[in-house]
Amino acid sequence: METVVQTAVNALSLGGLYALLALGIALIFGIMGLINFAYGELMMIGGYALVLVSGQPLPIALAMTAAVVVFAALLMERIAFRPVRNADPTTLLVTSFALSYLLQHVAILIFGSFPRSTSVGSGLDNAVHVGGIAVSKVDIAVIVVAALLISALAVVVGRTTTGIRMRAAAEDFVMARLVGVRADRIVAIGFAISGLLAATAAYFLVAQTGSVGPTFGVGPVLVAFIATIVGGLGSLPGAVVAGFGLGFVTAVFQQVLPDSLVPYREAFVFAVVLVTLIVRPEGLIPQRTRAVRV
Amino acid sequence: MTLRRIWPLPPLALLIGLTALVASTLSLSSERDITTGLVQLGIVIGLYAFVGVSGVFSFGHVAFVALGAYVSGVFAVPVALKEVLYSGMPEFLAQTSVSPFVSIVIGALVAAAAGALLAPAFGRLAGLSASLATFALLVIVHDIARNLESVTRGTQGLQGVPAETTLWIAVAWSLVILTIAFVFQSSRIGLQLRAAREDPIAAEAMGVFVGRLRGIALVVSAFLVGLSGGVYAQLLSSFNPNVFYLDLTFLTIAMLVVGGIYSLSGAVVGALTLTWLAHFLRDLEASLDRPGLTEVGFALLTIGILILRPSGITGSRELPFPQFLGRRGDQAKEPTSPGGASDARKLSSSVPRDDAP
Amino acid sequence: MLEVQHLTVRYGRVDALRSVSLDVKQGELVAVVGPNGAGKSSLLNTVAGRTRAASGEVKFTRQSISTLAPEDIVRRGLALVPEGRHIFHTLTVRENLTLGAMVTNGGSSVERAYEWAAERFPILGQYLDVPAGKLSGGEQQQLAIARAMVGHPQMLMLDEPSLGLAPMIVDEVFALLGELHREGTTILLVEQNATRALALADRAYVLKSGRFVFEGRREELHQAGTKLTSAYLGE
């Protein structure tokens, strides 16, 4: 019983994290048709920011980190992506990959290639006992925060006028401009939200791993990609569902695989993903977006 | 076999030969740098065979390079060395050792087989999804290489691979790979794929058909980069999984992008250009004592090209057939397009995104 | 109100428009007719800011809009209903209208927008919370026009409103355009269906292969007969 509950909590927490990651990618893709490889580096920037402000009280540290990451996201959009905004998908993809690589190596130039350890988030280290079962505090925190953020995003996208503009831009960017949606502004808003999600994910990842290095974002961004594909490119609900699905599958494999095979957990998850895609290549909850065709 | 039929093979082969000739006059370490560049050229050509022909971008080709390198490496290490270095290696592998040449071919075949295994899944995905899936492949293979210690020696790396790859061996292999790629792109499948790439609407009408063609391109590409992997292994003699990960991925992508994604000439020109550029940049890096400057420089260069001239140095066209050699220049390699293709913003000559006349 | 001066538009090496000039005065309904590929859509798309002209100038209410972004042009009061309607399928009718109303930057005007639309287009009033993709072609066309109108534009441009619609629906759409015209809305109408367009128009231009081959008032339109035929059928 204890393992079942712990695995469930683990799955939900992992799923929540993956869902946040996937949303960050899906949001930008929806609006711009851009897959942002450098999203992982936004998380890396968040991680390093947390290390640098770790002396501050937690709320201040979090706010400063979020501000830095959002600023980086807006800068990224302005300098690297706006010049290629109307290019074909391949150019967009490779540009974001090159940017990701650039940022990783700039980080190496500044911080060196070895990871820095930090005690940020160590307050969440211990476990809480619920009904006699030990559950990690970090997991609970992730689940709560993820649920809050996802709900908030759902409200913003579904109910506000900004959300209407974003959905219109995601469906038909050119037509949205013809009814007055300001292209620059809506893209900036998308990047800002994406940055906020990245900062949040970065905090929890730092809390869980205790260190930040230049390749901090590579693993998470990969997960985000997979979740986005499986969910249906550009589909926000799909990203959330797929994120939780991936978290669930990963947690189950972690529990169920024999010890010798546990390091290959990712390969097993990947195999599951491949099968899912063969069966349903358009994704779990496909969305009508303009860029995805052939 | 007229000159025009095999164009642009001759000038490209010439460029490769010239590069090697110049390299042989330089210092030993410079020569080794260029040799490495020539091996990487093989990878870039293999990358082009998939990306340039099918139009689907790949970040996973280095996974196939790794496969080729490790498989050929394991088969090439002499049996006596294996007993010393490897514990727990499967009996069959521990007792087998083949000639360096054969091991390279075996490595390439295994890479191709892996490509064939994945082709049905990748072929059915929308282009963008397939690209992301290739990235996942890269990470997974890297993971496996790090963990399968009985065969790969994990993070310690493979050692004892015979160091057979000299400058001219690298040249020979790169010419072989170049020729195979050329034959492929000129074949019926290659032409169909390139036509489908240039006109996505027609591609959609061809439906599942395109998926199967892409699968074939993937297998060919995997074979070619697998060959390069084996050659690379015999250049380095010892390597770990990180050699075949993000840095090599980015480098080979940068080479293709800078040269011109959609032409074979682009692959060669880009690879040779960046190889020489790296050579000079590394000297600069050493004198400034700032390791990592070369990578940053290449990243900036690539982004610059993507913003300012996305079609690369060659404009994604093949090297032109010189007028003085024939009555007409060879027009066959020019990308066809519906409304003209001179807009520098566009990498491929596909229909403008927003609207049509 | 709208002045197009010596506009040249190129796509790659193809000239879609060659130094064309036209003007639309306040309250007029001007039609631009011509065969497929004549450049009619290029004209509207360039005026609306979707594409950049190679040379020439576009002025709206005496101010140059040649270099403005589409979202700024529509906020100046020049709205385009593009070819194929392009309503937002995944948004509800209400949300589509909201977008149109927000062009005038008024919070209260959004409410009035729904009322106006529901009154003018009863069908839309019924389907306010239905995803727009579920509407029929004719209803979508009404929505596209309503969406443009609730922004209170000074001038409306329509690109082939009859395309893909059943004849009876086309009747309704053109009747609607006639009403709007009578109420004083300035309209620039681009149409392949020359008969309908010319019946409504105060003035008309005939476009062929990127050039105007005829321009005249309603009274002169009977002279257009042969020019029109040759424009559509080729010399």
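As written, the chains take the letters A, B and C, and residue 1 is the first residue of each chain.
Going forward, a contact is a pair of C-beta atoms (placed from the backbone, for glycine too) under 8 Å apart; a residue touches a chain by one contact, two chains touch by 3 or more.
No experiment lies behind these values; they were computed from the predicted model shown.
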> Of the chains shown, whose Cα mean is nearest the mean of all protein Cα atoms?
Replying inline: A
>> If I count C-beta pairs in contact for every pair of chains, which pair wins?
In response: A-B
>> Just the number, please: Cα centre separation of chain A and chain B in whole Å.
In response: 30
> Between chain B and chain C, what is the separation of their C-alpha centroids in Å?
Replying inline: 50
> Roughly how many whole angstrom separate the Cα centroids of chain A and chain C?
Replying inline: 42
> Do you know which chain B residues sit against two or more other chains?
Replying inline: 354-355
>> Give the residues of chain C touching no fewer than two other chains, as numbers and ranges.
In response: 50
> Using the touch rule from the top of the page, what residues of chain A touch 2 or more other chains?
Replying inline: 174
>> Taking the touch rule as given, give the residues of chain B at its contact with chain A in the complex, in rising order.
In response: 55, 57, 59, 118, 120-121, 124-129, 131-133, 135-137, 139-140, 143-144, 147, 200, 203-204, 210, 246, 250, 253-254, 257, 261, 290, 292-293, 295-296, 299-300, 302-303, 306-307, 310, 345-348, 350, 353-355
> Where on chain C does chain A make contact in their complex?
Replying inline: 48-50, 69-71, 74-75, 79-80, 82, 86, 88-91, 95, 98-100, 102-103, 147-148, 151
> Which of the residues in chain A end up touching chain B in this complex?
Replying inline: 35, 80, 83-84, 86-91, 93-95, 97-99, 101-102, 104-106, 108-109, 174, 215, 218-219, 222, 225-226, 228-229, 233, 263-264, 266-267, 270, 273-274, 277-278, 281-283, 291-294
>> If we count contacts the way the header does, which residues on chain A are in touch with chain C in the complex?
In response: 161, 164-165, 167-168, 171-172, 174-183, 287-288
